[in-house]
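Here the chain labels run A, B, C and D in written order, and each chain numbers its own residues starting at 1.
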Amino acid sequence: MQQVFPDIKGRFGDFGGKYVPETLMGPLQELEEALDEAMSDQAFLDEYHHVLKEYAGRPTSLSYADKLSKQLGGAKIYLKREDLNHTGAHKLNNAIGQGLLAKRMGKKKIIAETGAGQHGVASATVAAKFGLECKVFMGEEDIRRQELNVFRMKLLGAEVISVSSGNGTLKDATNEAIRYWVANCEDHFYLIGSVVGPHPYPRMVRDFQRVIGDESKKQFLEVESELPDRIYACVGGGSNAMGMFYPFLQDPCELIGVEAAGKGIDTPEHAATLTKGTPGVIHGSMTYLMQDVNGQITEPYSISAGLDYPGIGPEHAHLFQTKQVRYESITDKEALSALQLLTEQEGIIPAIETAHALAQAFKEAAEMTPEQTILINLSGRGDKDMATLMEHFQEEE
Amino acid sequence: MLTQTSFQGKLTKTEDLFIPFVVAGDPTPELTIQFALRLQKAGADILELGVPYSDPLADGPTIQRAAQRALQQNMSLTKAIELVPKLREAGVEIPVVIFTYYNPVIQMGYDRFFEMLEENGAEGVLIPDLPYEESEEIRGLAEEKGVEFISLVAPNSDTRIKQIAEHAKGFLYCVSTLGVTGGSNQMSAETLSFIKKVKEHSQVPVAVGFGVSTNEDVQLVREHSDGVIIGSKIIRLIEGELEAFENGQEEEALERFYQEIRQLVK
Amino acid sequence: MQQVFPDIKGRFGDFGGKYVPETLMGPLQELEEALDEAMSDQAFLDEYHHVLKEYAGRPTSLSYADKLSKQLGGAKIYLKREDLNHTGAHKLNNAIGQGLLAKRMGKKKIIAETGAGQHGVASATVAAKFGLECKVFMGEEDIRRQELNVFRMKLLGAEVISVSSGNGTLKDATNEAIRYWVANCEDHFYLIGSVVGPHPYPRMVRDFQRVIGDESKKQFLEVESELPDRIYACVGGGSNAMGMFYPFLQDPCELIGVEAAGKGIDTPEHAATLTKGTPGVIHGSMTYLMQDVNGQITEPYSISAGLDYPGIGPEHAHLFQTKQVRYESITDKEALSALQLLTEQEGIIPAIETAHALAQAFKEAAEMTPEQTILINLSGRGDKDMATLMEHFQEEE
Amino acid sequence: MLTQTSFQGKLTKTEDLFIPFVVAGDPTPELTIQFALRLQKAGADILELGVPYSDPLADGPTIQRAAQRALQQNMSLTKAIELVPKLREAGVEIPVVIFTYYNPVIQMGYDRFFEMLEENGAEGVLIPDLPYEESEEIRGLAEEKGVEFISLVAPNSDTRIKQIAEHAKGFLYCVSTLGVTGGSNQMSAETLSFIKKVKEHSQVPVAVGFGVSTNEDVQLVREHSDGVIIGSKIIRLIEGELEAFENGQEEEALERFYQEIRQLVK
């Protein structure tokens, strides 16, 4: 019989667990109990699915990329369109789930960390919708780079708290959010944006994102009558990938997670956690991370703020170790080419995060046969990345 | 009734403890030794020697800044443990507790970690992000090696208070306010009843920390527990002298530091 | 029996028709024939609906704005979520329809005019998806104001042609697109972005947008079991409004179109065509427009580029004259307040265009009873407007 | 066979017509009169007097610029028609066709429009954005009032060529290239067969316009039709003299203009 992960201690094999200050053990316990109760309450699940359908726009489409498939001359390429979600990425699925849970737990205030601002916007959105107070922690460097998303959050009524510690990016924002939660856990709900953090977060976020894989499976069978040969998703913390992969774990589909190789995995500037990192503890969880010989966490790099993270969800670490998922990495440059190709061939501008999955998939699709099929999780739209792209393509000229 | 707590025989009393915290290497390893000497002179009973960490989740901005300064000196877990014999050489006799986040310990490996603690004569270890449930193995190893593994307990530890307190070694670290280190402190009725509950179950001294920064705080804590832990306040006093150190007025600065500490714990 | 509009001459009562240079009469004839043939070919309709579903993300959600309804204390407010369409507005529905028609007619090149860039992006998207060459005409002033949308179009492979005549805004871009079409009508398809222009454009665009109203009716009946009391939509050229209203024209729902009053209809700076304009000819169609006593077209003004147009679709002129639809106008200021209110209460940042419909609806909803229901067409998302909003709210401070 | 075309009796020949176009008020109403005089002197048979319009859909950039200049002079449909008697006074005897977009006519109203044409003695009217299908009423009124309503026909008018040609009054305006005014011109086999087809059905002179800008163009058009319409080229010649007008060298400029026109239509 297949073992169920995470186990009772919140472990996925060797990974996961709760490595947090004592003050958080109580709130995590409270959260776990509330979550278990909610997930076995049909009324809660119904509300969650109702909001997904009537507010977030689910189910999202499954698009056949016909021009692109022909152009690459290999496998048939399908795209799961999380970019069509309200606010523009898969992040909202999870924010809705946790937002409803916060409400159910009687918490009136939520906190969230954000890098590029997508999870921050999703959290602020859910806070507005459900009438919660919202504080978003964001590195001061990211605030500078993502002015528009900062403005969106403020417009939504959230307070954006600038974090100047460390490099002022996602890792530091997460540290600060956790610290704030430590000090204010009694009445605050911490809405984590990926399958990271202490138990039960990795499980909870996965379960609120598995709607991606569940829908995909149904939709794919409707159009192709069989499952895809390969499924691709980009991996930052790993939530869009877990959401997509989880329902397919027992199926004969090859699953491929794609990390950010930044300027190359042979340079110090990348965010390829599984490819180049080692096991350890980050943000409350035993997993792979990027660190030096002394166990100090090192600064990652990727052109895509959403993948620019030195850790990865513990379930991915487990799937990596057990070889249930294959992990690859893609450079900034490869990602940008794939972004351009999809845009020109299919009229869809993906997020730069997503473009990493696309790049790996396009490489492999070209080597496959037209009888084979692949499915790519199009985790988000590229509107947020226009400034970065403009800078980049102008530099190139 | 407290059982004999030992720190390898070096902890000679079980109440009215003064447990200061400094970050190894802040602002230099040499000065850390000097601070430790002054703290001992001012009555410290146990020294918490903090290992600077890139991502100190349980610490407030003051200790984060100290860690940043120490990291710029290339301080590491290895070097922090190696500082212990130098402390001894300089005359620090009180037990030393290595305060480190978990990840550096993982990277070093348990075997090497305990080997180093033993070789360098550190008497205790405290890992703020390794709660009771995740620490069974290391607690076993510590016991085996005769190293005190210090546990923390918080007001919201709830049903786990009894369990944690009953298994505590060395001393039990009570987080008196919910929050990271360095917050402001007031001892509410709830805090008092929390400390009382901890004391009921603990067989080692119960010390209270997080937010102690005035002599009034110290008096308050003393009244209700077995010891007071002071961290951020000490770091802030060190920070106040950074300029003096840079200007070569080391002796004056250390003397001022000593007098401040004396006032704080008088 | 209800008369069918437009009639054989392309007229909606007194309005519509074809007022174009002789050179365009042939192409319009060709277009009309191809359109009639396509619209009676089930295979064409199937493909159109297939692309809407699998590519654009239809059906879009119908969202009940519960918090907002309670806050206003009047009618129950429902939102038809065209903002969830791929590329962020209703514009894509029409671009897909016309794009498919262009392909069917064997035209390999399309041209389009754009103001804020939404229709330009939709056209460029469709061109990429269907493998067509695309030129977008855009006023040089709008190019300056909408840098990001210009970049999106270019990324999609479209050529953006700067128009410096006139004030360099939408009216001028439209003039120039028509001129270019006159010179190149043999192999170019002109993809107009609203229910304006010569026959058969107003009818064609309406018929490609009526999916909004058709879906809304079905969805509304599912949740409320009866039709909404009032339906609101903003009106620039009038395509989102026609698409929403058309299927409800015979129903006992009150229909309200909302124009841009800019800085006030008593100032010269507004775009309230029906409220303040007079009949005449603009862009090939007899309709209402803003003009001086000599019949020179005057420059409109609105904070929202999509409503900043001196004309209006001829069918609206007819519905105005026959009082089948009530037309109101909303100032910049009222629109911005409504935008903020929706954002804070429901976590949806609407386009500034849309906010005009919201403002009128909110005013009226507050006066209605909780037994009554209203439906607002949320024509697009506000992401494109962040720069404008930032400027505006910063000025306010 | 051409029927008698009249322009109220003022058009005295039915072939080899030279029909220039100027914009009323470009750069001033006074100069428009001067240009008209020179054009007449150079052999013009009919004058197209353009009314500047804010949104001239059928015109290229050259005529758009002329319209902008004229609008800055507050030129309007009313004022353009009122320019006709001034032309007469100055000595312009050839028929004048008011070339205006439709919207100003709507605003004026048909009644007032024809009243004004009559009062001011304009012999014809041409509305480039009012195709055959939309012009039935105004064509009827024009006929009633004795004003020539000029129709346009294009190569892609297709089955409508016959209909338009058969109902044409005054002269028939052939758009020789697909495009707005001012494009480049070459007379292809298709254009030739188009003109031939138009001539077969027309009972009035068939003139060709759009893109005529060199003497070779003029010769070519003359060879195959009854007249040549020249617009953008004339505007460009006027533009070339704008500086001279500003510098007060009016006479020299007008003389140069006259010589250029002569060369063009020689």
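Here is the rule we go by: a residue touches a chain if its C-beta (ideal position, glycine included) is under 8 Å from a C-beta of that chain, and two chains touch if they have at least 3 such contacts.
From a predicted model like this one, the values you see are computed outputs, not experimental measurements.
**Student:** Just tell me the minimum hop count from chain B to chain C, counting one hop per pair of touching chains.
**Tutor:** So the least number of steps between the two chains is 2.
**Student:** From the mean C-alpha coordinate of chain C to that of chain D, what's the distance rounded to whole Å?
**Tutor:** 37
**Student:** Can you compute the centre-to-centre distance for chain A and chain D, using the mean CA position of each chain? Integer Å is fine.
**Tutor:** It comes to 67 Å between the two C-alpha centres.
**Student:** Quick one: report the Å distance separating chain B from chain D, using the average Cα coordinate of each chain.
**Tutor:** For chain B versus chain D, the centre distance works out to 97 Å.
**Student:** Check each residue of chain B and list the ones that touch at least two other chains.
**Tutor:** none
**Student:** Listing for chain C: what residues touch at least two other chains?
**Tutor:** Counting only residues that touch two or more other chains, chain C contributes none.
**Student:** Indicate which of the five shapes (line, ring, star, complete, other) describes how the chains touch one another.
**Tutor:** Contact pattern: an open line, chains touching in sequence.
**Student:** Where do chains touch, given as pairs?
**Tutor:** A-B, A-C, C-D
**Student:** Within their complex, state which residues of chain A touch chain B.
**Tutor:** Interface residues on chain A, with respect to chain B: 9, 17-23, 25-27, 29, 165-166, 171, 175, 178-179, 182-186, 278-284, 289, 291, 293-298.
**Student:** Which residues of chain C touch chain A in the complex?
**Tutor:** 53-57, 60-64, 67, 81, 83-84, 86, 88, 124-129, 131, 147-148, 151-152, 155-157, 340, 343-349, 383, 386-387, 389-390
**Student:** Show me the residue ranges of chain D that touch chain C in the complex, using the header's touch definition.
**Tutor:** 53-61, 64, 71, 76-78, 101-108, 128-134, 152-154, 156-158, 160, 164, 175, 178-180, 183
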